[in-house]
Every structure is written in C-alpha cells, then in structure tokens.
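Chains here go by letter, A, B and C, matching the order in which they are written, and residues are numbered from 1 within each.
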Amino acid sequence: MENTLRQKAKELLESGEVKVVIGYRWNRTRTRTTPVFITKPEDTDQLIFNPLCVNNLSLYLTRKFKDIQALGKPAIVAKGCDIKNIVVLITEAQVKREDVFIIGMVCNGMVYKQELWKGELTPQIMPTKCHNCDVRNPHVADFVIGERSTFTPPEKPEGMVFDKIKALDSKDPSERWAFWINEFSRCIKCYACRQVCSLCFCERCITEKNMPQWIETSAHPRGNLSWNLTRAMHLVGRCTFCGECERACPVNIPLNLINQKMIQVVGEAFDFKSGYDEKVHPPMIVFSPDDKENFIK
Amino acid sequence: MNNIYLPNLVTIEDIYEEAPDVRSFRLVFKDQKLRDSFEFKAGQFGLYSAFGLGESTFCIASSPTRKGYIQCTFRKTGRVTGGLANLSIGDTMGFRGPYGNSFPVDEWKGKDIVFIAGGIGLPPVRSVIWNVLDRREDFGKVTVVYGAKTVADLVYKNELQHWEERNDVTLVQTVDPGGETPDWKGKIGFVPTVLEEAAPGANNAVAVTCGPPIMIKFVLNTLLKLGFNENSVYTTLENKMKCGVGKCGRCNVGDIYVCKEGPVYTAAEIKKMYNDF
Amino acid sequence: MADKLLKKENLGKLIESVLGKGGRFIAPSTDARQVVFKAVAKAEDLASDYILARNSYKEFLFPQTEVVAEFTVGKDGVDLRGTDVNPKDTVIFGSRPCEAASLSALRAVFTWDFIDEFYTKREDKTVVLTVACTKGDEACFCTTVGLSPETKDGSDVYLKETESGDYIIEAVTDKGKAFVEKHAAVFEDGSATAKPLFIPAKIEGIDLDKIKERLAKTENYADPVWGELTKKCIGCGACTFVCPTCHCFDITDEGTAFEGERRKNWDSCQYENFTLHASGHNPRDFQHKRWRNRFMCKFNYYPNKFSSKGCVGCGRCIRVCPVRLDITEVMEAMSK
C-alpha cells in the first residue's frame, strides 16, 4: 500500500500534475506519525500509511495555510473520513474539486490517539467513528489505494459515543447542564479544537471579534460556556464527526458527544448527513420549502 | 500590595479634534500629590484605560517641560480607542506609566535637529519638538518635515501654524499627491522625497523620525544619503503591548523588549535587530 | 547516616498536616482520563502511576485567569480597586526535576525591574516537593537540555521513591528545611534503597551551543528552514499552555460600561492576534514566524536575557501537539 502511495505521489510530482503531496511521515524515532508536505519526487519515500495516521489532513487545504497554498496544486492522502471534510469544503466553496487531487486510502480503522498504539490495531483503541465507518472505501477520490474493504457498519450505529449520548439524553435537563458545565470547566481556551478543525475555516473567528466582545476571552465558566456553545452551533450540519477536536483537546473535553448529537439532530430534521456528496449543499446554507420548521412552536 | 497593573485615575481636562478620527486628550491626575510629582522624559509611553474596554498604548505627546498634565493623541481604530473617543471633558480614565526609555535630548546640546514625521507619527515627535523648543537656546537649527495623506489628516494644525510663524524653526509640510486642497501652500509629495529636497545639513546634526513603517524605511535611506550617521538617527518603535513592563511577551523584536529597552532606538541599533517588524 | 523517610502510609498524614495548617496540597491526580496537577484532599486522590502530569503546575502560581482590578463607573467618576493577593501556603507534591527547574525562568521574567507580585507572592508561599523520575517516555528530553532526574534546581525538597513505595527525602533549600521541620511528625528516620532513576538518553545530533550560536546570528532569522520545519503547525497554542516556562498573557476588561473587572489571562505567541497591530500590520503574519518566536524565546531570549533555561525538556509540548510537531526535531535541525 505504501509502495503504491509513494509511486503515485512520485508520478504526480514528476508530471507536474500537483506541486505538493500532503501526507504522513514517521517522526525521528519512528514511533508516531506526523503531517508532511512533499514537493520533490525524490522525497516521496518518506510517505507512509498505517493506523497511526489519525490526523485529518484536509485542514491543510484551507486558506489559513497561506504558505502551503502558495506551493501550488496539492494532492492529499485522505481516508474516507478525511474525504468527508474535503467534500464539505467543496460544498462551502472553500476548495474546488478540480484544485485538489485526492489520493483515497482504503482504511480499516485508526487509533483514537497515537499514544494508545501498542503495535496492533484492536477495536478497543479505535474511535467510535471507525466502528461505524461507511467510507472505509473512499467515496470521492481521484485515485484509490488499498484492497477493497468488505466491512459493513452495524445497522444501528453503536459504540461509546452513542451509548454516552443515550445516557445523557435520558437525564433531566438540569443534570445534563451540570454535566456539561463540569466538562467545560476544564477548558483552557487554547482553541486547539478550532485550529485543528478543517471546517473552522473562518479567517476571523468570532472569538477574535472584540467590538463588541462576543465571547469573553477568560477561561472562566461564562467564557468557557459561550465559546463551546458557539463552536458547536457553527458546526451544525457541517461537522462530519472526524473527531479531531476531541483528539486535540489538551484537557479531554468530550467534544465528540456534542458533535454526534448535532449530527443526529440534523439527520432527524433534514434527513442530511454531511460529507457524502460534494454537489449537495449543507442544510444550514440552503432554503427549502420542505424544511420542517418544527422549531417554530 | 504593589500592583503593577493598577492604573492611576486621570481626568480629561480638555479634548482637541486633530483630524478625522484623531483626537488629543489633556489629562491630569486625580491624585494631587501625583500631579505634582509626576515626571517623564520625551519618548516614554503609557497605557491608557477606557474602563470596561481595556488598555491601549500610546506615547506621551506632551513635553516633559510642561508640568502638571500629560497629553495623548490617538486614532480611533479599535475597541479601546473607540471607547476613549466616546469620553468627554471631565470624564475619568486610567493611565499607567511612564514606561520605556527616552530620546537623549541632553546629549544633543549644540546640535542641529531634524524632525521627520508622517501622519499619526507626529505625536511622539511632538514631545521632543516642544522639549527642544522650550530650551531653544541649547540647540542649533531646528527643522521639522511633516507629511500626511491629505491636508485633513495633518495633526496639530494650530501648532504647525505656530511653528511656521516662528523664525527659529524651519517647517516643511507636505501631503501625498492627490491629498492637497485648492488652497494648500505646502509641498505635494511623499515625506522621503520632500526630505531629500529640503536637504537639511547632516553636519553636527541629529534626526528624529516616526511614522508608518514603510515611511521610516525610506526616510532612513534618505538620511544616510544626506550624510547622517546611523548613530545620530533616532526613531521610536510601536508594537502591540499589553503590560508595558516586560512581562506579557508580545512587544519583542527578536530579543529586544520594546516596552523596556525601547521604544527609542538609533538606526544603528535597529539595523542590528532581528527582522521581526 | 540515617535517611529521612516519608512512608507511603504517611502521605495522607502529610496532606492532612498541610491542609490542617490552612495550606493547599497540589499533586498529580486523575481527572477526565488523564493525570493533571490539582488540589487534592487525601492520599487516595493522588495518581499512582504517571510519568508527568499533562498540565504544568504554573497555573497555581500564575493562574489562567485572574482579576487584577475591579472598577465601578459612576456619575462622579470611577471607583478603582486593585486586587490584593493573599496566597495560601501551597505545596506542590510530585513535581519532576525538569519542571522544578522551570521556576527560575518564570521568576526571572516576573521580576526583572518591575515586580509582578501576583506571581512572586504566590511563589514565595510555595514549596516544591520533587519526586525524581523512575519512569519516562520517548518525549522526555531533559538530558538533552542539560538537566536530568538528578537535578535539584528549583526543588525545595527532593524525594526518591523506594522499592517499597516510600520516599527518601532531602531538604534542598531553607524553605524545604523549614517545611520538613514544620511537618516533622510525618517524617521518620530510617534507611532504604531508592529505585533506580529513569535517565532519558541524550538525543544525538542536538547541540545546545550550536543552537545558541546559530540563533544569535540575525541573518539566520530569515532562513527558509523555519518555514520548512514548522509549516504543519496549526497555531493551536496547546504547547504554550502546557509549557512550564511559557508566561505570556493578555490584559482584558470584562463587564459592562458601569462595572467590571480587569483580568490577566494566559495568552499565546502562537496566535495571530497576539501581535496584530490596530493598523492591521502584523510583525508575525505567518505561523512559522510565530513558531520561530517560541523557539527563539526558549533557546535565545531566555538564556541571554535572564540567564535561565527557556526549555527544561519536559516534553509536554511534544505530547500535546495535535500534529506532533516535535521541538527536538527542530533542535536537531538548528544544531547543524
């Protein structure tokens, strides 16, 4: 698989079809993977792909990364879940489909966090998204690498995130509120959740607007709550449950619970799942006469 | 406890409209003792508070030779300056300072002095100009070259007129091409060009300049061309600051903390810095 | 000579003794599935097995957010009330030698010329009990920056674990000696064998002198290698938040036009807004420039300006980085 990847990357760079390949390489000690930007055909041997390649590299397609954009047309090594984010970027006019070469990687699951890796991919160290993955075979790609996966996700989604949402939903609002206030109390306002999210592509985030100061910058309960609620609301109908925000959070706030809950709400209201079709716009940016409008009471 | 972040309260005694969105405050300390004892040097700066909105950094635009008050001049651009602009005469605001180093005016005795400023860069230079003019006999020729985008953008219009009328100051005023009015009597052109035409003598002279970074860059070139020594050309760096006392970590240009080791530097010192502007 | 011991069963008594005298006891404890420094009330709250807490305990000396003044704006002017800090006696238990060595760096920054008493008053009342490392991971690189688990700089009391889970204690500073005396009832004389320490291997190819030399040359500042090495940085600033020596902060007002408070909040040089001027000009307009600033701060500004270590090799920034931007890889490149 890696050989095919390196070969393809080399071809793309040699032919000039792309100027940079965004992929993964080993760190110095070959124990962790890290993003890499390959511009020379002779460097393509650095490219790797394995269950430690958790990063969603679609982030590097956004305008925040001016120096990467300056390199020219990119090819990107992407798992199915990463491709979902690329699809959203396309539907939201951040990237044109023809401006990115997607090297789709057939994927049999990733580790939830790299430090969990003990040499073998077991279900216990995989995130909920992998257990329910319906894009193990990349759904939008220019070139697919890997043997076709025959994995069929469970009919009803299952896993830790879904169980926790069910448990939370069964609580009364004051208990739920207490749960979240406690979780958010650890927030240190580093905004790693925003920075790591390829769909948080605003050039000026609301947190940076101070006339008026919409969100207080202090890491106190008020500031933490307003930031976390705003982040969540801005991702409604867009988030693909890639899980990068939760992985990046230095204080382990279970953001996946919020994200998946929003996905369920959007699914029920609009029968929509983001990240599957680059020609369909997300529900929050289109008006349809068929919208249920059941929020008007 | 000695709280280095606690501002002193000041009253706005007077407000002057200098240019569109640019105004000056004349400030006096509420505390009479402080009002009497407060001292600073030309080139030093302070942090000015609009309570509820925060603090903003500007130089002290008045001269240390004028006691009993301080003046600041600012352009309404952000949250704090917007808040300050909403205050009226008699209102209270906060001031912390003075901070930073200063122009070595005492070392300039007997020398010619050339001041070059652009737009909102005049306020820090103004402090030195008045410091020099109030001790006029200590110095040689005094030349002021000042330019702005348009005639309306020139600040301290009354003082410009005063300097124009004085026969011990040579004032050259200019506006960028297109910024003139039908009755404009000054020059038309960019500050570095006008400075080159005015060609003040470099012999036994010092130059003080402040303005937009791009202007400073070209002015420094022109001054060197005119024969000025890098050690005799001074400028004041403006960087974003929050604490003003060398703690918050954002005003540094490489290893130089502008708030403590600056803001006043010679061209020779700036040349040695990391390119972090 | 007999050693002074803290028996593991007496740890709870030590906590009680500290709390009983009105102090707070900060130690590594499990919270939200990870080990962090937090205030604990009993020995069972302590994490039993950890390498290093995820956060740095700097937050107990320099809080993430703190009020420096409160104000009320009325008809007759402004009523301004500065905050007075009256810190509790604080015991940091389970510091690692790397982190203890970082305190002198924080102290240097908060005391050069102007003295930030919000920091100094807290630090003066803090006793650091360091437990030398018997475990480490691949992110540990203290030996590469000239420290080691045997370093006692910054520790008031230096503890070594014994095979039976007790601690051999050594009071290093006067503060440490006073602490041991104050809680004398908890300690015992005896002799024990310390567990072997975990000494991380020095990373080959990293040379601090060469880094210093290279960074000192202003012409290297514009070297494109900075961009190459740090292009993947996403600017989240998590590294600066967990770093024990990072000290940058913001001062901001909160409240209404009538009353509110002025706060000192942690900030990060990795943010675009950090140096953005009101005019729109930004001296550090690309992420690699912001990353370069952090690296320069650690390996040039701190050592030159404050003669202190900007980086203690704790490896927190490496562990927390979502894109695994490893500072030692940059150190290696800068050693060339």
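Here is the rule we use: a residue touches a chain if its C-beta (ideal position, glycine included) is under 8 Å from a C-beta of that chain, and two chains touch if they have at least 3 such contacts.
Keep in mind the model is a prediction, meaning the values are calculated, not measured.
Engineer: Of all chains present, which has the mean Cα position farthest from that of chain A?
Structural biologist: So the farthest one, by centre of C-alpha atoms, is B.
Engineer: For this structure, I'd like the pair of chains sharing the most C-beta contacts.
Structural biologist: Per-pair contact counts point to B-C as the maximum.
Engineer: Based only on mean CA positions, could you tell me how far chain A sits from chain C in angstrom?
Structural biologist: Centre separation, chain A to chain C: 31 Å.
Engineer: Please report how many Å separate the Cα centroid of chain B from that of chain C, as a whole number.
Structural biologist: Chain B and chain C have C-alpha centres separated by 39 Å.
Engineer: From the mean C-alpha coordinate of chain A to that of chain B, what's the distance rounded to whole Å?
Structural biologist: The mean C-alpha positions of chain A and chain B differ by 49 Å.
Engineer: Considering chain A alone, which of its residues make contact with at least two other chains?
Structural biologist: In chain A, the residues touching two or more other chains are 213.
Engineer: Show the residues in chain C shared as contacts by 2 or more other chains, in ascending order.
Structural biologist: Residues 250, 252.
Engineer: Identify all positions of chain B at which a residue touches two or more other chains, and write them in rising order.
Structural biologist: As it turns out, chain B has residues touching two or more other chains at 78.
Engineer: What does chain A use to touch chain B in their complex?
Structural biologist: Counting only chain A, the residues touching chain B are 210-211, 213.
Engineer: So in the complex, the part of chain C that touches chain B is made up of which residues?
Structural biologist: Result: residues 68-69, 71, 73, 77-78, 80, 82-85, 109-110, 112-118, 121, 218, 221-222, 247-253, 255-258, 260, 262, 264, 267, 269, 274-279, 281, 283-284, 289, 293, 296-297, 300-301, 304-305 of chain C touch chain B.
Engineer: Would you mind writing out the residues of chain B in touch with chain C in their complex?
Structural biologist: Result: residues 1-7, 9, 11, 30, 49, 51-56, 75, 77-78, 81, 92-94, 212-213, 238-240, 242-243, 245-250, 252-255, 260, 272-277 of chain B touch chain C.
Engineer: Using the touch definition from the top, list the residues of chain A that touch chain C in their complex.
Structural biologist: It is residues 27-29, 31-37, 55, 59-60, 64-68, 114-115, 183, 186, 188-192, 194-196, 208, 213, 216-220, 223, 244, 247-248, 250-253 of chain A that touch chain C.
Engineer: Tell me, which parts of chain C touch chain A in their complex?
Structural biologist: 31-34, 36, 54-55, 64-65, 138, 227, 231-232, 234-238, 240-242, 250, 252, 254, 263, 265-266, 268, 271-273, 286-288, 319-320, 322-326, 328-329, 332
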